[in-house]
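All chains are identified by letter, namely A, B, C, D, E, F, G and H, in their written order; residue positions are counted from 1 within each chain.
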Amino acid sequence: MTHDDVGRLIERLAFASIDHLRPHTQGHAEVIFCSGKTPGQVTAIAERLAAAGGEFLATRAEPAHVEALRARFSRAEANELGRTVYLPPDPEPAPTGRGTVLVVTAGTSDLPVAEEAAVTARALRNRVERLTDVGVAGIHRILTQTDVLRSAGVIIVVAGMEGALPSVVGGLVKVPVIAVPTSVGYGASFGGVAALLAMLNSCVAGVTVVNIDNGFGAAAAASRINHS
Amino acid sequence: MTHDDVGRLIERLAFASIDHLRPHTQGHAEVIFCSGKTPGQVTAIAERLAAAGGEFLATRAEPAHVEALRARFSRAEANELGRTVYLPPDPEPAPTGRGTVLVVTAGTSDLPVAEEAAVTARALRNRVERLTDVGVAGIHRILTQTDVLRSAGVIIVVAGMEGALPSVVGGLVKVPVIAVPTSVGYGASFGGVAALLAMLNSCVAGVTVVNIDNGFGAAAAASRINHS
Amino acid sequence: MTHDDVGRLIERLAFASIDHLRPHTQGHAEVIFCSGKTPGQVTAIAERLAAAGGEFLATRAEPAHVEALRARFSRAEANELGRTVYLPPDPEPAPTGRGTVLVVTAGTSDLPVAEEAAVTARALRNRVERLTDVGVAGIHRILTQTDVLRSAGVIIVVAGMEGALPSVVGGLVKVPVIAVPTSVGYGASFGGVAALLAMLNSCVAGVTVVNIDNGFGAAAAASRINHS
Amino acid sequence: MTHDDVGRLIERLAFASIDHLRPHTQGHAEVIFCSGKTPGQVTAIAERLAAAGGEFLATRAEPAHVEALRARFSRAEANELGRTVYLPPDPEPAPTGRGTVLVVTAGTSDLPVAEEAAVTARALRNRVERLTDVGVAGIHRILTQTDVLRSAGVIIVVAGMEGALPSVVGGLVKVPVIAVPTSVGYGASFGGVAALLAMLNSCVAGVTVVNIDNGFGAAAAASRINHS
Amino acid sequence: MTHDDVGRLIERLAFASIDHLRPHTQGHAEVIFCSGKTPGQVTAIAERLAAAGGEFLATRAEPAHVEALRARFSRAEANELGRTVYLPPDPEPAPTGRGTVLVVTAGTSDLPVAEEAAVTARALRNRVERLTDVGVAGIHRILTQTDVLRSAGVIIVVAGMEGALPSVVGGLVKVPVIAVPTSVGYGASFGGVAALLAMLNSCVAGVTVVNIDNGFGAAAAASRINHS
Amino acid sequence: MTHDDVGRLIERLAFASIDHLRPHTQGHAEVIFCSGKTPGQVTAIAERLAAAGGEFLATRAEPAHVEALRARFSRAEANELGRTVYLPPDPEPAPTGRGTVLVVTAGTSDLPVAEEAAVTARALRNRVERLTDVGVAGIHRILTQTDVLRSAGVIIVVAGMEGALPSVVGGLVKVPVIAVPTSVGYGASFGGVAALLAMLNSCVAGVTVVNIDNGFGAAAAASRINHS
Amino acid sequence: MTHDDVGRLIERLAFASIDHLRPHTQGHAEVIFCSGKTPGQVTAIAERLAAAGGEFLATRAEPAHVEALRARFSRAEANELGRTVYLPPDPEPAPTGRGTVLVVTAGTSDLPVAEEAAVTARALRNRVERLTDVGVAGIHRILTQTDVLRSAGVIIVVAGMEGALPSVVGGLVKVPVIAVPTSVGYGASFGGVAALLAMLNSCVAGVTVVNIDNGFGAAAAASRINHS
Amino acid sequence: MTHDDVGRLIERLAFASIDHLRPHTQGHAEVIFCSGKTPGQVTAIAERLAAAGGEFLATRAEPAHVEALRARFSRAEANELGRTVYLPPDPEPAPTGRGTVLVVTAGTSDLPVAEEAAVTARALRNRVERLTDVGVAGIHRILTQTDVLRSAGVIIVVAGMEGALPSVVGGLVKVPVIAVPTSVGYGASFGGVAALLAMLNSCVAGVTVVNIDNGFGAAAAASRINHS
């Protein structure tokens, strides 16, 4: 493509430059990060994406964002826990990824981040399964699920506090493991820093990490893997 | 397996418990992390691993470790820049991973970490390619290599200082991208923290991160992906 | 000037010492930083500045500050996004700076900081242009604007998250580049620290940095450059 | 005791005030922390303690400290790995603590801290046992030792890197667990901070923590528990 | 127990995996950490625990949690200061721990954390006593209580600001001392970090530490000690 | 005094141990730190102090504290900016300190901390003077006040942002200078940390520092100096 | 230029990609950062740069780098204090920048960073002047040099410890001021962090900042300004 | 004085601007901070100071500095522990401060910092006394010295680790207390940060703090107080 061709694929609004090259370069359309944007801005971007591709995903949606998007797109699905709004294609195509993306959570309080990951993985055309509240305080909760872990294609492990679960999971399986630290905790958890550092220092070879509470990023990485 | 079966696969030395279950659980044998171990301890562990599997990989090898391992295993290959000693199987089997692991480095000073990654990826049965000194200060250095990037199966991006290269690479390709921050820099790089934070906060969806200078971990993750 | 002459140019209120020497020493009058001041204090200072120079600029104006200033100065212009109130001279003089101050933003959420910079640059007698939402996730968004970048006199680059845009811009141009990290992001962005560190560690020679979210300071620096 | 009685139990040297009240208040004599003291100062303090109680323990002993103490006290026992010098009473009395102090280490590199703990626990009159290199990367290494863990009176768990082992151990037993983070690791381990934070944020109720590399403090706490 | 036996003791709800093995492994049932859970989730877990064991303890209970639990369990006791809701067995059994758990607080503002500790210690079957507002600013306040300190079985010391009290207490007694830093303070107390660091660096041998504001964890540790 | 005499001077309430030894040991009665206490607790303590000494000072008083104290003590004086409530003795005695305590502030936003210092210094029997908004941006504002600075007995310098004023003041005078960093600023001021670090690293010999926003502590130190 | 044209301007060595586009894009050739490179690598890069442009500048040169470069390029000038090696063009052209770059240092210990800045500014074709040891402890040292400050085109201010000098200088002049924090100091200077934060938080409008000890970057920025 | 008069009192060397105004402004001559200066630079500055005032004090003197100064000034006194070289006036005048400066140290390892303080206080014309190794681990060591504490004019308290001693001392006396944190400790002492934070958060009113290991600064502050 020439610079001019590329330029035509960038749609310039007053407050945003929408990049319609993304499906070509990164394999999927832009996802709308609602935080710091007004409901009006979010809806305007969603309209362009829906017009171009028949679908959109919005993350970190506050109630006002959800309301605005639902008012404009009646078919859009809101996940309250995961703070997402997803307009699926109509009809929704079958998953294209090779295996299953398994989302494992250490505790009940980690569920919002896990749901963000699960919705994103689905929107990126992956089969998704969940395993909930299997943190290391009672190690047999995860050990009794070893078969489930080993049958997954990619595993996302969501944990706050001391963030030990990805090491235990990573030691039980051969498949890729993506660790998501959450801000669950208090005091010296420092908003998820304790879990983040634990995951970065995992003694298990081959665990990778994303930002604190970044369920979206973990799912995007899992989808890259699942489609590679 | 029963607890007793498992117990028999753990070989207890005075200073180490060698875990011969690893190939079964994680897909490859234990790798020897030399830092904080004496040359004698490293050699003793290498002997057990070589006896069990006909190969070993040692990382973070100081000159004394290298010397001890080379004295005992004449066939072992030392990579001075990457601080590794690798005893390949004889004969070395063909790579089993689906695609190529491409190791991209931002600057010349990042090469030691990149070499650790490259040797590890090879030892874990992957085809490896390298792309060196293509940091963002001269953005055309990486842009002219877009085809190389897109033909890889997994990309490891090694960068210090502001750690911007993984975002640029991640924006150009659909395949999995693993970012490795290095301790290259000074002052407010804080031993690689600046690059680590940049990578964790990448605006590109689907970049994952490993610990500072952890070329080994990046390669282990790439190999999990490449074999999944 | 004697100490007595200087003393007469400092106007002492109960809660502030207004420094009418500033145009002589720093090239422009004091700017009112509203944060931590009451609307009454802000208005009182604005009155002294307007009386002395026929203009004032107030930054970090909360709605109560805006309301109080607009009530007192009907001609004052409020920029809601940039949180500024500006009373231009009547008539507003032509810009005196040599070139154009170009304000580049990485994402939509960085706009408030960019607007603070743009309004300040105008108030300090500079021509101002804007380039919005051209972050590195889609690198072609900025690459297709290289001519715009190269025609500027000074460039202010506003970015949050991993703060990579100033390095890319700085590598494309010869002119001065001022980087402004923003607090846009979450988790390990630590309120803008990730972007700040990235910018301080830029591998591009000659990028300078101001405080997180300090659009005002960036514009003041740009204006010093543009008038030097 | 009157202030004068107390005063007579404090022996004032030029560089130290030796507190012969310690056995009365804290249950054992002062222990000599060699770091930052000259060999001469250490030996002088050891002489006072040996004269008063027939025994002493010195920790963080550099080779020069060891040499000076061994020259003066031929019966003193040096533990090279643990950097301790211990002059036991002659004859050494039987342990007085109720149960066994079990020292568990995650990896080979954690052994110096574990040895400091083991020697200290012995000097404070406790039975001591060790369990080595049972970190979570191969979770079955610790799971096959559950009976050993459950038979201990107090458990000290020594771990670096992500510091996950105390949570796993604490979840398997009812007895007190003291976690010792070590400075083993690199990059974002920040000299043991990652392990420290993980341990402070353990999701297991009732794990307590001491300073990084503080094997001595862990043993002193274990001994207080074992004698309570 | 077989894996199947273990599996039957884990009760899977949609949002939680309740671990009925805890009394067997850790000596007491799971405690409900309310933070980040909805009142409905908390009540549902409480019902399972009450059904299985006739009692439950909930910590970090917000008013909505308290109201929901009190509506469902009329016999449940709320401690407003300590933010706990406790349903004692009926009749409440006598304490089973060997000695008294003494909860010492440095200042009035530390009381919420101290109360969480006191309620937890009671729920775990310990005799509890309190000593309040005896911080080091007036050292005689604690010195005149030396006899009380020495008669305790385990001491929990709760302090914010400079966190010096555990060192002073630990120097006066032989029994185990658990230090709890609180987030009481401002400025460079950094939400309790100053107190936490002080406690980790105590010059007194044998003081152990729990997370900031973690009165629950301190009591759980004290109970492990008191029952060992 | 015997331990029993001392014990009688400590008045034990349910939530506080009031230390009536303070005037004897530290030269003045306890001051009430309202933060984290209920209005009822504050009033109860104020009553004991007023009964014992005819006066009290309360700091960090929220509106509810002010209202409760004013309702109970009609003669008490509230300083809204400084968040203090002071009941002076009747009649108020003359200052007893040797010289004047001069409170210097860098900017208008630092006034709350400066007022807390000024009220405290008065309550501790010192003459107080103020010098306001003389920060280093316009260095002549402080230089023209050199005579005022040199006539003080002790100087308290209150500054946020880069905290440079204490160094400049300390270089101009021989008298003691106490630096108070404030949380005024944003971004990389980190709630006053930037100013705190600057003050601790002052290149001027003999500047001492108190906690961020601790106007009370600065005044207490100044009063110790002024009465020594 | 086409991608192929660009590709030909990038010279690929085994360990480096030399970017001969830099004079076109950034206004000057690549500068060699010696840290982390072998003397052989540095010399090889210097040869390519000298061949292409007849000059080179190497910074952060250790003695071994200096020796290797001097052995190969007899005309190269080493600045021991500034750790630079500069091969000027022959003959050296006249400065092309509009004004003078003035390098101001707070203390003698800051000189190495100041010299790196001065040599770099000269190599980038600027007139350079120096003003040394004029820190704020004796404020008259800088005040008596106000005329020198005001006659400069751009000012680089190099300071460690509390980093206050850029604020004072910035308040005295209208021209651009670039602040360079140095790692001079101890304790809570944290290797230059205190100075860095102070400079980022300057209350003077229009001071910009570079990384700690980054004299090179300050000079590159000054040169961009001086040539704009 | 005019600007010209002031200018004549500043002696400009190539690497330093010696400020002979200091006795007039700050009460004593400049003190030489040796760190980062060559022995030749230190000796040159010492010569100017000795010529002007007949005395000098050098701190942070490495052995090479000591040797150079002793070679040039045979009468100069080196304090090895405190790393100082002091040339007293001949004859040495009587102390001029009002009271005694008492230097209290928590442990033997804190002595270097305490000696720096003691030598500095003497050089600034104060009577000096010392009290050594009286840390809070054995609280009676300091309590039995209450009379000594109360007879001092100013107290400097030097402590590392948890830094609790200044709070205890401050609670026992009315006189000014200056706290000096030291870098004594390990792990989470973070080079003295734990002690620094503890001292800044002291619950005792009126304790002020200087930088980590800054015995010189504490003595300078004490001398300002003692001469005010």
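By our rule, contacts are C-beta pairs under 8 Å (C-beta built on N, C-alpha and C of every residue); 3 or more make two chains touch, one makes a residue touch a chain.
Not measured: the values here are computed from a predicted model.
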Steps in the shortest chain-to-chain touch route ending at chain F and beginning at chain C: 1
Identified repeat of the C-F interface (over half of residue pairs identical), from A-B, E-H or E-F: E-F
Rounded Å distance between chain B and chain E, as computed from the means of their C-alpha atoms: 44
Separation of chain A from chain F, taking each centre as the mean of its C-alpha atoms, in whole Å: 50
Between chain F and chain H, centroid-to-centroid distance (C-alpha), Å: 26
Shared-contact residues (touching 2 or more other chains) in chain D: 25, 137-138, 143, 170-172, 187-189, 193, 196, 200-202, 204-205, 211-212
Every chain pair meeting the contact rule: A-B, A-C, A-D, A-E, B-C, B-D, B-G, C-F, C-G, D-E, D-H, E-F, E-H, F-G, F-H, G-H
Chain H partner contacts - residues on chain D that touch it in the complex: 3, 6-7, 10, 14-17, 19, 21-22, 25, 33, 35-37, 41, 181, 183, 191-193, 196, 211-214
Chain G contact footprint on chain C (complex, rising order): 25-28, 31, 98-99, 153-154, 170-178, 196, 200-202, 204-212, 216-218, 220-221, 223-225, 227-228
Touching residues on chain C, where the partner in the complex is chain A: 108-109, 111, 132-134, 137-138, 140-141, 143-144, 184, 186-189
Residue ranges of chain B touching chain C (in the complex, touch as defined): 106-107, 135-139, 143, 161-164, 167-168, 170-172, 185, 187-190, 193-195, 197-205
